[in-house]
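Input: structures, listed below.
Each of the next two complexes has subunit A plus one other chain: subunit B in the first, subunit C in the second.
Here is the complex of A and B:
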């Protein structure tokens, strides 16, 4: 069983796929709701404090916006822990959406720096692409040694 | 507006992850307002974002854009708008600026924007939130164009405390003291204004306070009106400059921070407050005067005689600004040229840091004590390519605004 970092970290679908194929998903498992009534699309746990933005200094320098550093205090430890990663680019809001594109860039870069197995996918635009998407995820996770 | 609670729509990116969302809530609560997030469906977000046409990448900025469109189109109800995003994020700065313009142009909603760090506190946001609620709550009072009865306004500022007595739309007495102990300075300024006007404290029909010490002084002198300086100064400025109708821009370079306010019919629409460092405030000019060995009142005429173009001066930071000042004098530049360069530097900082955040519309009115420094007014006019208006009694702007607005309470009680 591998610990697989998923991005968008809020994607329940990715989280579920990773778990189904016998691995441990590393994500934040927040659901994207049909109606958005919070500050952000990926509103964080309520206990976030200004100290979290300071903890994020481990992954991003002080000149990086505080919102990126605050996010990194959540995602940074998950990346450190990851043995593999699945990154989906340009996902639909409903699939799981991260609020900050600058964090997306940094997360993707840091994951690649780790030299771990990574599956990068574009979000599928139609059913056929959707089927290929799931196949790609399945093949990737199977190669990692999970349940086939 | 529901009852007395002002509903402020928040359009933002990053405050939760920066740990400052609770500070925003606290600032709003302190002024009797409620911050909320316009409720949108995912389909609304996609449609509004596409229609707006600014193709940013960050999901939360897309959400902010979609919410702004919903507010302008009336799909969501609010009394005011607060736009906030992370300091140093270029993508967010573009969105913040365009949303502020869009809301200002296409709705009547007062709007303020702010870029935060994790160090932002509710205290920093308080005056901005108070101004938003004042505009929403006291629109009728802010529409007042004439002072009536016998009223007094007191402006307890960070550097100076000013008092003005007005009767039947005329200023009849003024008082000015440096701010040391807040209440004592206010008492002195009030005594001077009362003495000059020849009236007694008990004769006054109403009193208003503004400025940093407004709450303390307001409580002490039992003021009828206690109101932040953004709305009060705007009102005082358009009253004295006789531009109460139509658009105008008010610039107040203060001792501690600066205000730039885009005004329509005497009511602020967008405004910024602050400044990165005292190097962009009147404090730097005070230091310059001291270093040049002249009184602050002599700095303006001195600067008018000089040409600052050849003197390198950058007061982005007051420490670096002071270094430039010392270096310029050591290099043999004249006092006149150094004074002109200092004025240009302060005007340039305000222009670059704050005036980019509001729509500059003529007439541009400069107020506050620094508006008496002619060199600074000239420098600002050169930067804005316009003739800057400095009304009479411009240094008493907050007191005049407070005396004018507090006369709204004369008629109420009468």
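Here is the complex of A and C:
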């Protein structure tokens, strides 16, 4: 079972397909859950603390805005952990503020720097593309040593 | 001063179960989940369920629920447990922030369902992916289907 980083990290489709084919999806929910269940942090709504911006320094330089560094404290450990990655190109719903956009760029850059197997896809626009989408994900995950 | 919220349900996992099926409703999968719920906490929602508990128990319930309609039931991790005061709209007031991603993906998840249904029949896999990438917008085949439907 490989640990597969998914981008968008909140994607229901990618998360489901990775788990369905026998691997562990690495999405933001895992980082959030870790914060929620660790005693001592108390900042609503996302349990982000000033320390997170410091932790983000591991993945982003000090002159990078703290918003990006804070986000990187969520994504960074997942990227470090990842043994493979599935990336959806230009997902519409990941559109957000400049902090989100820069973080997304940095996440994609770091994943590609890591030299791990990466599958890049587009969201399916019709049924045929849907079949190809699932088929490509399955083939990719099977090559990693999945269950089916 | 900020209210300190202690860790809730420490050591558990929470998973979303989404259903987009013509054979079953969220109510059906809730009934099916309760059949084997054991020690897990199940919250029924308009799109499916949220299941909280020990990881192995949650997985057991999910695999039982998924048998109902494997290609149309989707599962995803959730960071917050249900009813968490930082996210639950009962505490925040107004609509709950978030769900934009889910809403977007649920809009075309039927295409994924078709892909899952046709996984076992390789003859149904359309032309190579490279051909698909070159197709801009509506494919000719799909256009023909729409014309036939409208005729």
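One rule holds in what follows: the second predicted complex is superposed on the first by the 124 of 148 C-alpha atoms of A that agree within 3 Å, B and C clash if a C-alpha of one lies under 4 Å from a C-alpha of the other, contacts with A are read in each partner's own complex, and residues count from 1 in each chain.
FYI, contacts are C-beta pairs under 8 Å (C-beta built on N, C-alpha and C of every residue); 3 or more make two chains touch, one makes a residue touch a chain.
Quantities reported herein were computed from a predicted structural model and do not represent experimental measurements.
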Query: Looking at the overlay, does A:133 come into contact with subunit B only (first), subunit C only (second), both, or neither?
result: second
Query: Between subunit B (first) and subunit C (second), which does A:123 come into contact with in this model arrangement: first, second, both, or neither?
result: second
Task: Answer with first, second, both or neither: which of subunit B and subunit C does A:76 touch in the superposed model?
output: neither
First, second, both or neither for A:30, with subunit B first and subunit C second: second
Task: In the overlay, answer first, second, both or neither for which of subunit B and subunit C A:93 touches.
output: both
Message: Contact-wise, after the overlay, does A:64 reach subunit B, subunit C, both or neither (first, second, both, neither)?
response: first
- prompt: So, does A:39 touch the first partner subunit B, the second partner subunit C, both, or neither?
  reply: both
- line: Going through subunit A, the residues touched by subunit B and also by subunit C turn out to be 32, 35-39, 42-44, 93-94
- request: Would you tell me which residues of subunit B are touching subunit A in their complex?
  value: 10, 12-21, 37, 39-42, 45-46, 56-61, 63, 85-89, 91-92, 116-119
Task: Within their complex, state which residues of subunit A touch subunit C.
output: 8, 10-13, 15-17, 19, 25, 27-33, 35-39, 42-47, 92-94, 122-136, 138
Sites on subunit C touched by subunit A in the complex: 2-11, 13-14, 16, 18, 74-81, 84-87, 97, 100-102, 104-106, 108-116, 118-119, 124-127, 129, 132-133, 137-139, 141-142
- prompt: Which residues of subunit A touch subunit B in the complex?
  reply: 32, 34-44, 48-54, 63-71, 74, 93-94, 97-102, 104
